[in-house]
Structure formats: C-alpha cells, structure tokens
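I have a structure here, written as structure tokens, and I will follow up with some questions on it.
Chain lettering (A, B, C, D and E) follows the sequence in which the chains are written, and residue indices restart at 1 in each chain.
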Amino acid sequence: MDSFLWGAATFLLAVASVCLYRAYRGPTVLDRVLAVNVIGTKTMVLLVLLAFVFDRPLYVDVALVYALLNFVTTVVATRYFETGALEGDWQ
Amino acid sequence: MKRALVIALLAAVAMPLLLAAARMPRFGSVEQPAYTHVARRYLERGAEEAGAENIVTGVILNYRGFDTNGEVTVIFTACAAVAAVLACSGEGRRPVRAGTPVALSPVVRYVVRLLAPFIALFAFYVVVFGEVSPGGGFQGGTVFGALIIVTTVVVGRDEAERLSPERPRLWLQAAGPLSFLAVGTVGALLTGWYLGFPHVPRAIAASMLMALEFGIGVGGAMVLAGIFWRLGDEA
Amino acid sequence: MSLFEAIRNAAAVVLVCTGSFFFLVGTLGLIRFPDFYSRTHGATKCDTVGAGSILLGLALLRGLHADVLKILAIISLVLLTSPTAGHALARAAYRTGLRPWTRLVGGGGGDAD
Amino acid sequence: MPIEMGRLFDLGLMTLLVLCALAVVRTKDLLAASIIFSAYSLVMCLVWDHRGAPDVAMTEAAVGAGVTTVLFLSAISKTVRKER
Amino acid sequence: MKRATNIGQAMVLLAGFWAVLAGLTSPGLVAVGLPVAAAVAAWAGLRLWTDDEPPVMSARQWLRFAGYCVRLVRDIVSAAVLVAEKVLDPRMPIDPVLIVHRARFGREVSRVALANSITLTPGTLTVDVDGDRFVVHCLAEGFADDIRDGTFERRIRRVFEEP
C-alpha cells in the first residue's frame, strides 16, 4: 500500500510540474494565479499523502493551514487585480 | 580576459570549499558532530527537561531561548524599519492610482465572512498545540496575520481593527520581545539567571513556554498586519 | 488480510486513482483550453473532484480514527473554497475587460500573448 | 520497494524545486515572478515535510503561501512593475 | 433574540470545529478551547454572521441542505467527467458563450449557493454576480439549460428560503 501511495504522490508531482508551465507562460497574470492555485491544491493533497505514508497524523495540520491560506491569497490577489491597484495593464 | 579571471577566482574559492566538503562526515552519518551528543540529549531528555512534548518547540524556546529572543527582536525591527522607510519618503512619491472602484463580489465576501471565525479558532489551535504537534507561536501568529489581512481587504478596515485594536497595537507589535523580557525576568527572579530554564521545574517551564508562544504569536500577527497596513496606506 | 480489509483497500485504490486521473485532466485542461475562462472551468471542477476523491480514499484507508474528521473538514473546505476562488478569478478577469474566446472571433479573443 | 518509490518522489521534488526557481529567475515581470515564487514556496513546504520537519513546513506554508505573496503584491502596487 | 440565535449557532459550529481539531480525548484541551470558541462565536454572531448572513437555519433547512449537498456532489462528478471528455477530445469541441440569468432571492446565502452551484455543475462558471443578475460562462450553449429553466433556483429556494 505504501508504495502505491508513493507512486500516486510522484504522479501528482509530475502533474504539478506540468501546471508550472502555465504559471510560467500564462499570457495573463490571472492564468498564473490560477495555475499556482491548482498547484496549491495538489500540494495540499500531497501533504495529506505524506502524513499517511509516514504515519504521522499530526502532519495533516500543515495541509489544513494550506487549505485555508491558499484561498486567502487567491482572494486578496484577485482583489488587487480587480480594483486596478496595480500599475499598468496586467493583461 | 575578464571572464578567465572570474573563472580562475571562482575555482580558487571553490576548490578549498569542495575539499572541505569532501572531508566532512557523510550526510546522515552518525559520526556527524550534530548527532553525537547534542541531538541525543535533545531526543532522550528533551520531553521531560524542556517542558514541551514537541522537541522542536523545546529546542527553539528553551534550549536556544536566547537565539529566539534575538529573532523575535529582528521581526519587531523589520516592522519598525518598514514604518520608518514609508514615513520618510514624503515628497518624491508618486500618487497612488485611485483605480476604478469595483464592488466586491458578494460571493467572495460571504465565503470569507463565513470562514473568518474558523480561521481565527484555527490560529489559536496552532499556537496552543505547538507543544505536541507541528505549529507554535510563529505559525499561529502568521495565520492570524493572514486573517487580519483578508479581513482588511474583504470585509473592511473597521472590522480588521477589531482584531487588532488601535490603542494597544504599538505595544502588541512588540509582544514578542516584551514577553521574552517578562518571562526572562520571572526566570531571573526564580533562579537568578535570565530565562533560567535549566533550573525551573517542568510544570513552571511549560507555562513559561506557553507564555512565550502567545507573545510570539500575538507579536507576529500584529507586525504582519502593521506592515500590510503601512504599505496599503494612501501616500 | 480479511475480506473487509481487502475490499476497503481496493476501494481506496480506486478512489485515489480516480482522483489522480481528474487532477491530470484538470492540468491538461489548464494547458490545452484556448482562454482563461475555459481554463478556469477545467481547473475548478477537476481539482475539486480530484482532491475530494483522493482525500476520501485516504480517509477510507484510515478507518474509524479521529483524524478522519480533520480530512473531512479539509474536503468540505475544498468544496467551499475552490468554486469561490474560481469565481473570484473569473470575475477579476471579467471586470477588467478580458474578452472570452469564441468560435466566431476565432483564436483572437482574449488569448493574445 | 517503498524506499525506491520514496527516492523517486524525492528526485521529482528536487527537480520541481529547481524548475520553479528557474521560472522565477527567468521571469522579467516582477508581478508574475512573485506569483510563481509562491509556487516555489509550495514545493519548499513539501520538501520540509518530506525531510521530517513539519514545523518548518508549517511556517513555510503560512508565510510563503499566505503572507509573502500578499506583501509582495502590495509592495509592487507601490512601485514599478517591470524589472529594469 | 435573533442575535442570541446567531451566537448560539456560531458557538455550536465552532465548538464542533474545535472538537475536530483537538480531539475529545483530553478534557483539559476541551476546556482550553471552549472559552476561546465562545469568544470567537460572539465576534461571529455579532459582527460577521449578522442579519440573514451565514448559517442561521432551522433544523428542517439543515436537513434539506444535506439532501442538496448529496445531489450537488453527483453534479460535480458529472461536471468533472464532462470536462474530461472535452479535454481529452483532440478536436476540443467547445463553443463558449456568456449568458445572463436573472434570479430573485430574498437572502444572500441563496445567491451565494446558486453562484457556487453553477460553478460546480457541468460546463458552467459564474463570472459575475450583481444583485439578481448572474453572468455565466458556458463551455457550450446547451449547458445553460438547467440554469435557464430554473431547476437550480427551485432547489435552492426550497433549501434556504422556505421555513
């Protein structure tokens, strides 16, 4: 079972690195934020997976921090773009 | 020519470093100095000596209390520096672009208001459980700081001011160093040494650690909020 | 290994595999779709299902244990925040005038590099 | 067998970390760079967790994901966005 | 009266959250958490979850809400499958359109629920909400049918608006 979970974790890492391409290229800033948001969800799942593989239930707390703060960052960032508080046209 | 010189210089610096690295004990080897006596003592006796089950917390706040005292002062200094820099640049600053007033999405506003109390309670949990699980003052304080920031942006500055009241904010920003000072003084009164951890019984050490955790947490959160607000203030 | 355990492990494996598949699909969508709005479609839905499914599989694997509740809390958090984040992003794009890609306009639309 | 898969995971983690760092460095737009940087800190958090330092991982999660990006954004909104 | 209900519900939810976080094994931890949960609940009840804002619902509404969630999960899964079909098809058969839908609700929570449900159901994404006006991005014209004929609206009205 452990090696299956490691395999799943490695697969998620590979997928996350594909997302990174969109974060790097993404024509608009919002594409980048979206890509990083997706990577963040994967990271959160990976943190829970690691907690399982190491059999340390308390590691799940780290994932919970992520689940809360990933959302916070996205909301604050989009608010910055929305109100045009940032200089220049970001598109 | 210049490039060759640079390469030669880099090689000259890199060689001794690589040679030194080659002579170091292998990564993870038991002969490493860090593993011989210090780590063993931490692992074997940390839980009973330091007053915290989580050894990391014990090491950070107890065994290396002075170190952390300095770090906490650095954080406070950062806040002071940001305040000083932003206060100084009066004339030459470009006016902040007003931006078109875009109403906040009701969905975002609703969900943030729904989640805010849970984030607050979670921050408290992270601070309190620093002694048994990953977490502690720094982490909990940062979560709370993030809560203050999102409250400022989404719900409004008024509501955020409730989380970090105007009057005592200046003192709260210094809560980290101040709590160290207070706990250190208590330790000095009890044992004759600043902090004096090795000489106080475990129960008292545990409550001292808890006081430090809360000081660091509150201080960190207020510093983050302070930096964010100062950056966001209109010029 | 009892029959119950075998069934449980199999179910967990199926859930984790499903979740991984949806993560992959969401990422492919992120790469392949022509404009920001359709990418958000892919990312929001597939991520919610992917994360939910994997976490559910892990919770199943753990069985009756206190930290299963924590995992369930994370799942409900994802269910609440993921569509909201997607909406926030799409709204920021809409309010700042990013035009959606359509077949009529062709490749032009909002995907100007 | 589990150890082998763990190794593979480790390798992937390090590769992704380097990729993220390269992406940050190669991006000229400061705004984009600071957003990609938050992806870097996500991976860094995984590295800490994998190496058995959940405390540091949690700090990285709270600071890297939650706060630095926001502070960067608000700092950029005060200055010029393009790197010169 | 209403405030008391607000704070009471917030208290129950937050105490539950604390139990999830800290576990119920040690009474000391419960004792530490409950006063703080009460303080946070007071903040929530008085300042954040006021009026018709967050989850002030009757018991029957909570029940219907549970049923709604089950149905929503089914929709989300079918939505993900649909996106998968579109993505994996090499021809990428999408024809996105923006449509405007109007839905009049009495409570904020209904609007939010409708917006997030639209986002999570097949082929549609809420782009903007402004009063009773919902701007929806559809991957193709056909997906808007469920929204247009008000199926969602009826369900949500049943959960949050009927007593």
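Everything below uses one rule, namely that a residue touches a chain if its C-beta (ideal position, glycine included) is under 8 Å from a C-beta of that chain, and two chains touch if they have at least 3 such contacts.
These figures come from a predicted structure and were not determined experimentally.
Asks: Determine the set of chains touching subunit A that also touch subunit C.
Replies: Where subunit A and subunit C share a partner, that partner set is B.
Asks: Figure out the least number of contact steps between subunit D and subunit E, where 1 means they touch directly.
Replies: 2
Asks: Comparing the two chain pairs, does A-D have more C-beta contacts than B-D, or is it the other way round?
Replies: Answer by contact count: A-D.
Asks: Measuring from CA centroids, which chain ends up nearest the centre of the complete protein set?
Replies: That would be A.
Asks: Between subunit C and subunit E, what is the separation of their C-alpha centroids in Å?
Replies: 17
Asks: Calculate how many whole Å lie between the centre of subunit A and the centre of subunit B, each centre taken as the average of the chain's C-alpha atoms.
Replies: 23
Asks: Report, in whole Å, the distance between the mean C-alpha point of subunit B and the mean C-alpha point of subunit E.
Replies: Distance between chain centres: 35 Å.
Asks: Give, as an integer number of Å, the spacing between the C-alpha centres of subunit C and subunit B.
Replies: Computed value for the inter-centroid distance: 33 Å.
Asks: Please list all residues of subunit E that touch 2 or more other chains.
Replies: Correct list: 17, 21, 115-116, 126, 128-129.
Asks: In subunit A, what residues contact two or more other chains?
Replies: If we look for residues of subunit A contacting two or more partner chains, we find 16, 33, 35, 58-59, 61-62, 64-65, 68-72, 75-76, 78-79, 82, 84-85, 87, 90.
Asks: So which bits of subunit B are touching at least two other chains?
Replies: Counting only residues that touch two or more other chains, subunit B contributes 96, 102, 105, 107-108, 111, 114-115, 118, 122, 126, 129, 133-135, 139, 143, 146, 149.
Asks: Which chains touch, pair by pair?
Replies: Applying the touch rule to all chain pairs gives A-B, A-C, A-D, B-C, B-D, B-E, C-E.
Asks: Which bits of subunit D are touching subunit A when the two form their complex?
Replies: Its residues touching subunit A are 1-2, 4-6, 8-9, 12-13, 15-16, 19-20, 23, 26-27, 31-32, 35-36, 38-39, 42-43, 45-46, 49-50, 52, 54, 57-58, 61-62, 65-66, 69-70, 73-74, 76-77, 80-82.
Asks: Within the complex, which stretch of subunit A touches subunit B?
Replies: Those in contact with subunit B are residues 58-59, 61-62, 64-65, 68-69, 71-72, 75-76, 78-79, 82-85, 87.
Asks: Subunit B touches which residues of subunit C in the complex?
Replies: Its residues touching subunit B are 80-81, 84, 87-88, 91, 95.
Asks: Over in the complex, which subunit C residues touch subunit A? Could you list them?
Replies: By the definition above, subunit C touches subunit A via 9, 13, 16-17, 19-20, 23-24, 26-28, 30-31, 36, 39-40, 43, 47, 50-51, 54-55, 58, 61-62, 65-67, 70-71, 73-74, 77-78, 81-82, 84-85, 88-89, 91-93, 95-96, 98, 110-113.
Asks: Touching subunit C in the complex: which residues of subunit B?
Replies: 102, 105, 107-108, 111, 114-115
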